[in-house]
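In the two complexes below, chain A is the common chain; its partner is chain B in one and chain C in the other.
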Partner chain A sequence: MVRAVPGWLHIVGIIFVALTALILLAPLIVVIGVSVSESQFIAFPPNGLSLRWYQEVLSSNAYLNAAWISIQIALLVTLMATAIGGAAAIAIHRRQLPFSDTLATVFLSPLVLPTIIYAIGMLMFWSSVFGPVTPLTLALSHTAIALPYVVRTTLAVLAESDPYLEEAARTMGANRLQRLWFVVVPQCFPGLAAGAFFAFNISFDEAVLSLFLRGPTLTTLPVQIYSQLEFSPDPSVAAVSTIMIALTIVLIFVIDRMLGLTRFASA
Partner chain B sequence: MNDRTENLLLALPGILLLGLAFFLPIAQMLLLSISGPEGFTLAHFVRFLSDPYYLNILWRTVRLSVLITVICALIGFPLAYIMTKVGPKLRLGLVVIVILPLMTSVVVRTFGWMVLLSRSGIVPELLRDTGLVGRTFALMQTEAAIVIGMVQVLLPFMTLSILGVLTRIDGKLEEAARTMGCSFLQTIRTVVLPLALPGIVAGSLLCFTLSASSFVTPNLLGGTRIQVLAASIYKSVTATPDWPFAAAQAVILFVGILLVLVPYIKLTGAKHG
Partner chain C sequence: MANVRLTDIRKSFAKTQVLHGISLDIASGEFISLLGSSGCGKTTLLRMVAGLESVTAGGIEIDDRDVTSLPPEKRDIAMMFQSYALLPHLSVSENVRFPLRMRGIGSREEQQEKVAAALETVQLGHLSERKPRQLSGGQQQRVALARAIVSQPKVLLLDEPLSNLDARLREDMQVELIEIHQRLGLTTIFVTHDQEEALSLSDRIVLLNAGRVEQQGTPDEIYNQPATSFASNFIGSANLVPVEITDSAQGPVAKLEDGQVLHLDPNEAIRGKATLALRQEDLTLSANGMGLKAKVRTRVFLGARNRYVMSLAGHPLRALTANDLDFANGQEIALAIDPARIRVIAD
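Up next, the complex of A and B:
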């Protein structure tokens, strides 16, 4: 047996991984640190320890309104993207349409196109055809960029499913709708669930489309944070950001419980 | 109802949504970029390509995107490789460390870098204390700040792209190379690296595309004086507002990205049949 890795390289590897992890996590740690600071000013390491900035956030109308808009839009996007994307994935998987391959490309194309290019198009098209942008405009655009994720996760699950189950249901007398609802959809469930979490996360964190399609009454949480950062950041921005990080941690935990993070990361 | 109708009905909502809220808007943007007060015009493109100010922005965008992509690849490959070699517990931990920033809003992460890189932030202080830089050294509002922030934002994409390919490599190939007398580094160079190349290339394309088209991090870390193309587009939409010119800049960005993507798709397409 040959020795796996030379000793010096092993140590270099450990230092390398530790440094990389530090770089990846540093901004998040700093944000959390600033949010519990007592000081008026943004400082890290924090001076003192207090939750006053969380109090500030929870009594700020600007933040609460933005959070409420973000949650509503994210829930609508989750619903639309999961239903529409799941249905499309089932159709693509069956390969009975004459243009199945093209269809798959079409549904994955929002993934390739830079969001900023799409955001401009959406703003220009919508305001020249339908008038000022509404929350629905933003929700539709978030759905478009979330669709590829739902389609991909659902297709991945369908690829491992048993095609004969549907056949069996058919010979037992189930009609089209029953076969779809009781046989195909339950098989898709892990993929649909993963796609739904992605859709929520994408919509809730998305900044580019939200910045282009914002209006006086249409400000999502990331846009609110962005404006604060541009003009007058105080530790309350850090408190909001920490809440968003906490939400992400919860989402990751749920995805790991439902699907296994390692499997999903190397897919 | 036959099978085809059923599948068409399933796909229809998605086709309608993408048609109405994705492809039509992009078509509209393309049209707007070549339309002036008197119909067809290329004036917006001429304006961009003949002004040294905008050419400088274009050059900076390309330069920074390439630099960010290269740094991401240099860190991402060893990180992904180590992730395939460690035990399942540590691997899960590393996956979380990579995915947590990826799933955190880019405004939140950029805020973290603003604190770290600011005048009194930890990073410049540390550099000043070690005497590597002078007393007046600052990082915010420099290209270096943009690169640091963007590498952290994009490293997860690169790492996951490479990880996906590395996990599918047969471990016996490495063992075979070692028993045949290759050293560890030789094995990496002659066996692992060539096999991981598709992942590195795919990750690099993703990083390049994303860094060329992002403006949130460059705007906040570089300030308004150091503009990149995407920031200039955002300015043309919100501050000026000059939509046709913004559309023309978006088309230039799009064409630039296609110039990088198409040769790759041609190359890999030819290789895999």
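Up next, the complex of A and C:
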């Protein structure tokens, strides 16, 4: 067990936590502050108080189109990553396949893969084999980097589950499909839901792949924010970012209500 | 309800053979226990009857039908697991309804009636809407039992279902199992390592040792007439004493390794090298009476009784006595036993 912590170490700990919180939260506070500014320019603390930039964002076709594309791609990625990652996790967990461990490593490897190198490679590969980049290209590459999260969260809940459940179901007359649907999938559900949440978020705010694999009609929200910031910076960028932060917080609350956040922490 | 016939069942994992040809005829409605220590193959045998383990050689018949290569879901059996294996996402009543739903037995209304009846049987009707994790271990166990009997399976398989319960609950559940078996008359195969459990529940006990049937019989036969030294040691943890039996003027006598002699029952037929099985509760200890001389090594206080560990002819010997007998460690005492209670096993 943990021994008594000396007083000075306790204080160091508090300072450390406070600093971490500051570094995490300060940028968010600045963004939210800038977003309610009246001024044309990005400045903190904000000058005046208005919601004009929110109005600007919500009436801007560029932002709305980009957001719609981002949402569509994120939903497709969520679907693909959850289906593939869930199936992979179940297969890895059962250890019935040869090379189960190797397979697990392969599915987790995108975590350590430098995204920029993957993005360049994907761009070269796709254009030389299939031609121009399409939304599907982006969705596929987002799926690749989102997979490890689904695999890990699903493996984590499977590891906690009773290994005899499926055998018990067999003795109760459940055939293969019935076992999958009534026993295995419900067991995986918390992991799949957590993985789906990660997959959606990863795709929705992914910038590197989206930047390399963009096209005239394929601009995701992060790329749109980046271009806006680069070419005509104004507080609309902050407003759209604040909306994204709000959406994420809402999502986290929904997931927490459904499953409890502690499960992700263990994943 | 159905009979079960096992014919020369063998099982090997990789190169290790764990079952060496087991044949058993289980009558319809019989409650049979597979008793043995861990690793004797009892659970493997049960899982083979369930179809969860493949059969290396031999045949399994349920209700006079060969099921050797049939998967578990087609065998019309029910099994209760040591971990209970309740589906955590389903309520108690949904768990109990599961086998009916999977097998498509009856309409929804009929299924719900059967579920209610099964839950009544285990006295859990009032908890039907709870989730398994909201129940105590004993309650989860009852749910598992209700789930196992709800579909009136041909054979009920129980894999050490009571081993995770505390002593008090276990006794209650034993009584409940006996009553349910009497009421429903299901053919039941019960796996346990606990001899008392096997003795109190079964119509017949099959004692397994290292993948072979050591002895089978009614609890009375198994307890009172153990056929081998393994059986007498396993059941009732009898003391095994090596002796040589010879004739004397007063009938057969057993000579211990240290030269002491013990008079046997006049009708005893075995001669030569043999093993005596002496039950702990059959030994009478006295400070200076007649009998074998033994030296006290330790006393273990058990509440209602005392257990004395003694040294007899160089072997440890255990005896259960009344709790008011008081001997000192190292004290030399006399051991007496009714010759009729001595079990002689030929070597």
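Here, the second predicted complex is superposed on the first by the 238 of 267 C-alpha atoms of A that agree within 3 Å, B and C clash if a C-alpha of one lies under 4 Å from a C-alpha of the other, contacts with A are read in each partner's own complex, and residues count from 1 in each chain.
Throughout what follows, a residue touches a chain if its C-beta (ideal position, glycine included) is under 8 Å from a C-beta of that chain, and two chains touch if they have at least 3 such contacts.
Computed from a predicted model, the values in this text were never measured in an experiment.
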item: When chain B and chain C are modelled together on chain A, clash or fit; value: fit
item: Geometry of the superposed three-chain model: angle at chain A (Cα centres of chain B and chain C, steps of 10 degrees); value: 100
item: If touched residues of chain A are counted for chain B and for chain C, the larger one; value: B
item: Touched partner set for A:Val183, first chain B, second chain C, both or neither; value: second
item: Contacts of A:Thr171 with chain B and chain C, given as first, second, both or neither; value: second
item: Partner chain in contact with A:Ile84 - chain B first, chain C second, else both or neither; value: first
item: Chain B versus chain C as contact partner of A:Ala144, first or second or both or neither; value: first
item: Partner chain(s) touched by A:Asp162 [first = chain B, second = chain C, both, neither]; value: second
item: Shortest CA-CA distance between chain B and chain C [superposed frame, angstrom]; value: 11
item: In the complex with chain A, residue positions of chain C that touch it; value: 50-52, 71-79, 81, 83, 85, 87-90, 98-99, 102-103, 147, 151, 157
item: Residue numbers on chain B that touch chain A, as the complex places them; value: 1, 3-4, 6-8, 10-11, 13-15, 17-18, 20-22, 24-29, 32, 75, 78-79, 82, 88, 91-92, 94-101, 103-116, 118, 120-122, 151-152, 155-156, 160, 163-164, 167, 178-179, 184-185, 209-210, 212-216, 219-220, 230, 233-234, 237, 243, 246-247, 250, 253-254, 257, 261
item: Touching residues on chain A, where the partner in the complex is chain B; value: 2, 4-6, 9, 13, 16-17, 20-21, 23-31, 34, 42-44, 80, 83-85, 87-88, 90-92, 94, 96-97, 103, 106-107, 109-110, 112-118, 120-126, 128, 140-141, 143-144, 147, 176, 180, 201, 204-208, 211-212, 221-222, 225-226, 229-230, 233, 237-238, 241, 244-245, 248-249, 251-252, 256, 261-262, 265-267
item: Complex contact set, residues of chain A against chain C; value: 161-162, 164-165, 167-175, 178, 182-183, 186-187, 189
